[in-house]
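Please read the structure below before turning to the comments.
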Amino acid sequence: MVEFTHIEEGHVRMVDVTGKPDVSRSATAEGKIYLSSETLAAIRDGTGLKGNVLATAEVAAILAVKETSAIIPMCHPLPIGGVSVGFIETDEYINVTVTVKTYGKTGIEMEALTGVSVALLTIWDMVKSAEKDEGGQYPTTRIEGIRVLSKEKGTA
Amino acid sequence: MVEFTHIEEGHVRMVDVTGKPDVSRSATAEGKIYLSSETLAAIRDGTGLKGNVLATAEVAAILAVKETSAIIPMCHPLPIGGVSVGFIETDEYINVTVTVKTYGKTGIEMEALTGVSVALLTIWDMVKSAEKDEGGQYPTTRIEGIRVLSKEKGTA
Amino acid sequence: MVEFTHIEEGHVRMVDVTGKPDVSRSATAEGKIYLSSETLAAIRDGTGLKGNVLATAEVAAILAVKETSAIIPMCHPLPIGGVSVGFIETDEYINVTVTVKTYGKTGIEMEALTGVSVALLTIWDMVKSAEKDEGGQYPTTRIEGIRVLSKEKGTA
Amino acid sequence: MVEFTHIEEGHVRMVDVTGKPDVSRSATAEGKIYLSSETLAAIRDGTGLKGNVLATAEVAAILAVKETSAIIPMCHPLPIGGVSVGFIETDEYINVTVTVKTYGKTGIEMEALTGVSVALLTIWDMVKSAEKDEGGQYPTTRIEGIRVLSKEKGTA
Amino acid sequence: MVEFTHIEEGHVRMVDVTGKPDVSRSATAEGKIYLSSETLAAIRDGTGLKGNVLATAEVAAILAVKETSAIIPMCHPLPIGGVSVGFIETDEYINVTVTVKTYGKTGIEMEALTGVSVALLTIWDMVKSAEKDEGGQYPTTRIEGIRVLSKEKGTA
Amino acid sequence: MVEFTHIEEGHVRMVDVTGKPDVSRSATAEGKIYLSSETLAAIRDGTGLKGNVLATAEVAAILAVKETSAIIPMCHPLPIGGVSVGFIETDEYINVTVTVKTYGKTGIEMEALTGVSVALLTIWDMVKSAEKDEGGQYPTTRIEGIRVLSKEKGTA
């Protein structure tokens, strides 16, 4: 029988975790943004361009990780202890990986997923003038494969 | 030659749009979250459950649309005039569509994309106790196909 | 037949107001916080005390007015043009009045009501060490009578 | 002699609680919103309507509980461990109850009171098109009786 | 006779600007952060280092410009139309310049000053491990000369 | 060799502090705002004026201290335990001092510096109608000398 801990007797609630021990926890999530080959080539070749697109995405992701419990309604606020962001560029897409660490009472995968999503949205925003066609539409741009790569938990 | 309006001479900037006219604009974006068949069946069969999962996602999406310029660094703040959220449930995934309307100086697709992303992340958070396996991992859950369906612009 | 514009076909939405004209609008709301006579006397007699309690409540109210659309999910963001806060002290309670002005597409009473509520909660917080009994409970403190006093709208 | 811990020598301050032990704490607050009998009947009879009005108020209340220390100036940030929201509908009003739990250094009643206030304001916003008279005024709508029902504290 | 428009009859208020016309406006502010010569040399010589320190400060400044009315209590929210950030490095300090543009009802210098302040604080945070002495103190680091360089206003 | 812990292999990151012990920590920062002698005299002589300018700055500073990790990208969120703000008025400037206390895993000087900066910006905003010359410029107003006065750390 599947269980939905955020819903009880027809009402949403934020589950009580006050009795759970603080333990070290980490989670890593990833996702991809598909871009036109012209945009990807321009990012690959232009040092300043690349640095600025990815640095802006990194900063946005780290800030978003810290705001997760204000964005996702039932998320518990957790003391974010560390965040790192990585990028892999291919001929078709940029892959973003976010790892988040905490020492707290509940898992931190929603923070990693929120960081990945905001990094990908920020890349989209940074390159949108290059990705739009003449009608202002986006024939190529899309975000795919947002998922949790791993979750770890220490002992109390 | 591709153009990156948010970057000039090696620095990021928020492009100056003060000289552009206010016109009515709308954008629609969509995305999917793949879930286990047990979770999708429980949502389909449980009225209270379904109402709560989707209502929470709707509210989170609408709030996120309004916060887009605080989340995506180079986004211009726009006077959000209307937001609607739609869901389609299939045997494999829930599809989310968000339409945003404004009367302003620049396009509103980043707001629609942010609304879709936050709706999908909120669904994930609401069903995560049902989606995790015994090791606390997510074998099925993933977000795919976030894209702009259409963008429209009135005349000044 | 009563109408709920924020709900359509079983879904919440933020109503589209992009087609409405910008007009000057104002709204005034009020509310009361009942306090122990000792607390009210201390506020009445202590200039520094009174200044600090009411100034903190004023500042909190003005900031909250500006954050209303981030706090109330279906509220439209409006360009806040002016806010003023007034207090009346009696032997039983402090009455708070908040007037908000805008030049926008929809009414501004939720902003005035949010300002009043936050002013009253801030007064509570500022005097809570004086209001609590030995068991840490609040035998007297309560908030009453939050309502809209008037709403006005100019012509386009 | 009444004591105002947030004020010292004519200045506001956020009281230092760093030396206090972390203990489990909970607080429950309540409040009422009076509505017209037509609005209350429509909410009672319309499943979708009721679900949406109350679900939106629940989500707004839970988010507001987490933002309390950003809204109320002298409030300490506390690690919110759990939040639940309840509603009782009568012929005259809807009563909202919010219970908040933490494991921290100071009481959590301001969070419960903020959650109640925001739930009530959100209900107002959701039904405002039905509550306004022809002149755009609110002859019936008002918020009453916001108070702390109970506060509890564990041992260190 | 000096005038304080934010204070009237002993109360703070947010001045009513709803009757003022929308005009194009811009403001430029600057400020300096003094750093140790070792830190400045490391930033000058390390391309990756310099890019990351300054890009993070730029992004933080642009986000802060948009949040000014949530940080400075009596500031009116203004539709930010464009923001650019510049840096000059010398042997003693880094100078930051922020220019903000709007099309609105009141001046935008507080936004430019807030952007400069947050850029300087972010640089401090990014280099703090290099600036601290053995006792964890900052013998050199300080922020100086935050001022408005120019303010301009178009005609209605 | 200087060390920049927020940057690793050409990428920004939020340093992992989850393994560090919680200890009591405090930091005090200060800064000055130079104002015209007319403005300083008006503040000195007008009780209501002075109370309102400084109380608004105090409240803004305390709120900003709590928002530091949302404003400065790589800052860790810390459980703020206490904040106090002090002012010294001279014939040339107002000096602001902010002391922040926490019980956490990393230093709290960025919070004290952010509090000082926001207090100074708020004073500027409160007196700006008195400081501007006929051309709308600020011949006198400037912020100087923002620095950390002391940092202390207890033992685990």
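Residue numbering begins at 1 within each chain, and the chains themselves are lettered A, B, C, D, E and F in the order written.
The rule is short, and it goes like this: a contact is a pair of C-beta atoms (placed from the backbone, for glycine too) under 8 Å apart; a residue touches a chain by one contact, two chains touch by 3 or more.
Here is each chain with its UniProt name: A, B, C, D, E, F = Probable cyclic pyranopterin monophosphate synthase.
Please read these numbers as outputs of a predicted model, since none were measured by experiment.
Shared contact partners of chain A and chain B comprise D, E. When the contact pairs of C-E are matched by residue number against A-B, A-E or A-F, more than half turn up again in A-F. Over half of the residue numbers found at the chain C and chain D interface occur in both copies, marking it as a same-residue contact. Taking each chain's centre as the mean of its C-alpha atoms, chain D lies 36 Å from chain E. For the pair chain B and chain D, the distance between C-alpha centroids works out to 28 Å.
Centroid to centroid, with C-alpha atoms defining each point, chain B and chain C lie 31 Å apart. In chain E, the positions touching at least two other chains are 11-12, 51-52, 55-56, 59-60, 63, 67, 73-74, 79.
Applying the touch definition to all chain combinations yields A-B, A-D, A-E, A-F, B-C, B-D, B-E, C-D, C-E, C-F, D-F, E-F. Taken in their complex, chain A has these residues touching chain B: 2-7, 9-12, 31, 36, 38-39, 42, 48-49, 51-53, 55-56, 59-60, 63-64, 67, 71-75, 107, 109-110, 113-114, 117-118, 120-122, 124-130, 136-138, 141-148, 150-151, 153.
Listing the residues of chain F that touch chain C in their complex gives 51-52, 55-56, 59-60, 63.
Listed in rising order, the residues of chain B touching chain C in the complex are 24, 55, 58-59, 62-63, 65-67, 79-86, 101-103.
The touching residues of chain B, counted against chain E in their complex, run 8, 11-19, 69-70, 73-74, 76-77, 79, 104-105.
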